[in-house]
Amino acid sequence: MDMLSLIIKFGIYGTMALALIAAIAVVTLRNLFHSALCLAAVLIATAMIYAAFHADFLAAAQILLYVGAVMTLIIFAIMLTEQLGSKTIRQTNRQNLAALAGLLVFVVILGRVIFKTPWPVTEKALASKVTVMELGKAFMGPYVFPFEVISIILIAALLGAVVIAKKDR
Amino acid sequence: MTNFPSKRKSSGIKQWDHVYTSSVQNAPSHHWLKIFGAGALKGMVVTLKNFVTSYFRKPDQGGIFTVQYPEERYPEIENYRNLPFLVYDGSPDKVRCVACGICERECPPKCIYITMETDVAGKPVRKPAVFDIDYAVCMNCGICEEVCPFDSIFMDHVFEIASPRRIDTGMIRHQEDLLKSSEYLQKIRPKTATMIDEKKRAAEEKKKAVVKPPQGPTV
Amino acid sequence: MIIPLAHILIFSLLLFATGLYGVLVRRNIIGILISIELMLNAANINLIAFSKSTSLSPETGQIFAIFVLAIAATTAAVGLAIVLALYRVRKTVYTDEVHLLKW
Amino acid sequence: MNMPPLLRDIEFAVDLSFVNAKGWILDLLSHIVPDWVVVFASIVISGVAILVLGPVIMMYLTLLERKLIGRIQNRYGPNRVGIWGLLQPIADGIKMFTKEDIVPVYADKVIHCLAPIVIVIPALMVFLVVPFGERMTAVNLNIGLLYFIAVSSITTIPIFMGSWGSRNKYSLLGGMRTAAQMISYEVPMTLSVVPVIMMSQSLSTNKIVLSQSGSYDMNWFIFTPWGIVGFIIFFLCAVAECNRPPFDLPEAESEIIAGFHTEYSGMKFALFYMAEYMNAFTLCGIAATLFLGGWQGPFLPSWIWFLGKTFVLICVMIWFRGTFPRFRVDQLMGFAWKFLLPLTLINILVAGLCHFISEKTGWIYSFIIFSISFWVLVRLNRPWMPEKRHYPLAN
């Protein structure tokens, strides 16, 4: 089964590379619809990485929530706001070079930090596998208060979105 | 469970008011069927009944009434008229047509082309030399049949004239293709043929009665 | 864990940086929202990776990731509603063209 | 079940014939090649089975649909190509292959061409968790049901791609309608599944089927008060999810030509069509799994039970198509948000109630609750609900 784990390993690295390429496409493509589709690719790749880390529920929730709902919302908004023939409009502001330089510094510093830090990786955590039932019990047990708060936030956001987007009479 | 009195009872045109009220009063008594969704179920029962009966019933009792065309056909209706043809009496050289050209003139899409025959001396003979009909252009109006004073052109029952070509033996029909016997006319349109024959016989008798016969056949 | 923790962290760092670049550089508000989604995803990957490899209780990371997911959904909903309202009033979705505090 | 041992052996052998066949092949392979190849071979065999099954199902569903609709409308369906028209799907396929592939000039060409390919992927991926029979689930995921709902929700994106990529106003309108409809109906569909998850205490499709065994394998969830309501809601949402009549607004011919696939022809159109029919099949299969006991059933082999139940549900879908006219947009949305959604929430409540009280009282209580809630919902929804019309001159 050594070969199998090697294949899975390469699969994960390949997924990561795909996600990064798609992410770069998301921020650089001129056509917003294309970049939204690339975002969908990033999200699906991320879900696959979650699945590789045995976070099955999260992977499915990611696809259901992000790809199914949020992406649809975003594409809907793009369709409602984008003029079809807007090829000449500048899509980036003038700070792109400065932003690139700053981000390079940011990435280099954080990368060094990541490689220098001795992460407390434990065998117990590596072997752990969270089932959906445990997750549900955690939600209904220690995390019940944030869970309820989240539900209130969701309802507030739902109503707020409806009120904001509604046409004035 | 619940019964929904129609809101339309009070609305609508004034003169129908009594009708609306009476229809509500005369509504069937099984009110329990009036729950939401009962109408949908009723519709589904109708289609299910249609589905089942399509296997057992005869066409006139709600079964399938499709006629499977190349194998089965509807019986031909006498008054059906499609494309024109020429009639001859007895043999193909005794054409009724005298090449008068009325149909050529009257044809709305101008699909008929006629030239008159000439004899050896160059004198015109009352017979078509060329009689072409372009079936691709013909619009099946039947005006040629109506205007023909010699009862020589009639609308046919043939409709399977599909062809891969337009000219030659495709859609342009020449005289030899168009000629059909008067027996054929009798077969496809017995009423018309009989009427014409009687008319002809009457004309013959009139001709006998008159001492000096007129030059052409009369109408 | 099949691959080392640091690699995943670097991956999520790069993803986050890409998203941040998009937020800084894009003019279109919807583009900015899309980039924010990228950043949230990077954060989520970190949460999952940590919960899978460090000694905290294993479900914590996932639960927080789910919270982030829910918050991301609300962000998208409210943000896009604001964008639509803005578009209806100002007929633009470009940030530098919206420079009035009140309209 | 008490059966003579020989009969049971035979049933067992027939039941697991496909599983055993796969097992033999893998067994044979394991002598020749290393282990990881065997794992891949297992994946490949299941995958090939699904890849073959999907298109075949789609082809013959089209024939079935045309036949049944024909009979409902007092016609014969297709009956020219082969006996009973059985070769009609193949003729259609040849026609689709040989048709000209049209790409509009101003289309976003990459997206336009990618959309039909992408739409087939989720349609095939959901086959992975459909339990076709005992031990005949391709991948026994422990989140199978969630996986199904998640993957089938991806379908909106290729539809958007097709509608946007075509640069056609009717396509765009169809895409917008699809998005609105699919998002709306996903909510009551997911919620109508919740009682099933509560009762079987699992998200795995296999475990859900197994929890419906007992008493001649007929202990199906549809025979419970929450099960029947949940089934009806789930089925209606399934019809709406795969854009079939009476919820076919995304491709309403009389309004927006063909919706999001207006500009597609030939094989690309066939792929859209294929995805639609495979979705219809999997949704019916999942409905059978969740509420009708999946492959559970007395006497017959498990996969026959599963396919039979799915077939019946598909026939009901076709029957709907032959019966109902199309919804209006406001009716469609109102039906999902104002009628089905509250009803599903009440259904979850009833399921919890039924879990804690005896069966008989459960039926009585749930009947009362459902009657009241139904009455209230119908009353509240008056403005958009179709009213019974009176035709004064009809009599």
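A, B, C and D label the chains in the order they appear, each numbered from 1.
Here is the rule we use: a residue touches a chain if its C-beta (ideal position, glycine included) is under 8 Å from a C-beta of that chain, and two chains touch if they have at least 3 such contacts.
Since the structure is predicted, the reported quantities are computational estimates derived from the model, not experimental observations.
> Would you kindly say which chain has the C-alpha centre located farthest from the C-alpha centre of chain A?
B
> Approximately how many whole Å separate the CA-defined centres of chain B and chain C?
72
> Determine the centre-to-centre distance between chain A and chain C, using the mean Cα coordinates as centres, and give it in whole Å.
7
> When the C-alpha atoms of chain C and chain D are each averaged to a single point, how far apart are the two points in Å?
About 33 Å, centre to centre.
> Roughly how many whole angstrom separate the Cα centroids of chain A and chain B?
Centres of chain A and chain B (C-alpha means) sit 70 Å apart.
> Which parts of chain A, given as residue numbers and ranges, touch two or more other chains?
Touching at least two other chains: 57, 61, 69, 76.
> Think of each chain as a node with edges to the chains it touches; is that a line, ring, star, complete or other?
Shape = line; chains linked end to end, path left open.
> Going by the touch rule stated at the top, which chains touch which?
Chains touch in the following pairs: A-C, A-D, B-D.
> Chain A touches which residues of chain C in the complex?
It comes out as residues 1-3, 5-11, 13-15, 17-22, 24-28, 30-31, 33-35, 37-38, 41, 44-45, 48-49, 51-56, 58-60, 62-63, 65-67, 69-74, 76-78, 80-85, 87-88, 93-96.
> Across the complex, what residues on chain D touch chain B?
68, 71-76, 319-320, 322-324, 371, 374-375, 378, 385-390, 392-393, 395
> Where on chain B does chain D make contact in their complex?
These residues of chain B touch chain D: 1-2, 4, 6-9, 16, 19-20, 23-24, 26, 34-36, 39-40, 43-44, 46-48, 50-51, 54-55, 62-66, 68.
> What part of chain A is in contact with chain C in the complex they form?
Per the stated touch rule, the residues are 5, 8-9, 12-13, 16, 19-20, 23-24, 26-27, 32, 35-36, 39, 42-43, 46, 49-50, 52-55, 57-58, 61-62, 65-66, 69-70, 73-74, 76-78, 80-82, 89-93, 95-96, 99-100, 103, 106-107, 110-111, 114-115, 119-122, 124-126, 128-130, 134-135, 138-139, 143, 146, 150, 153-154, 157-158, 160-162, 164-165, 167.
> How about chain D: which of its residues touch chain A in the complex?
By the definition above, chain D touches chain A via 34-36, 39, 108, 111, 141-143, 146-147, 149-151, 153-154, 156-157, 160-161, 164, 167, 172, 175-176, 179, 182-183, 186, 201, 203.
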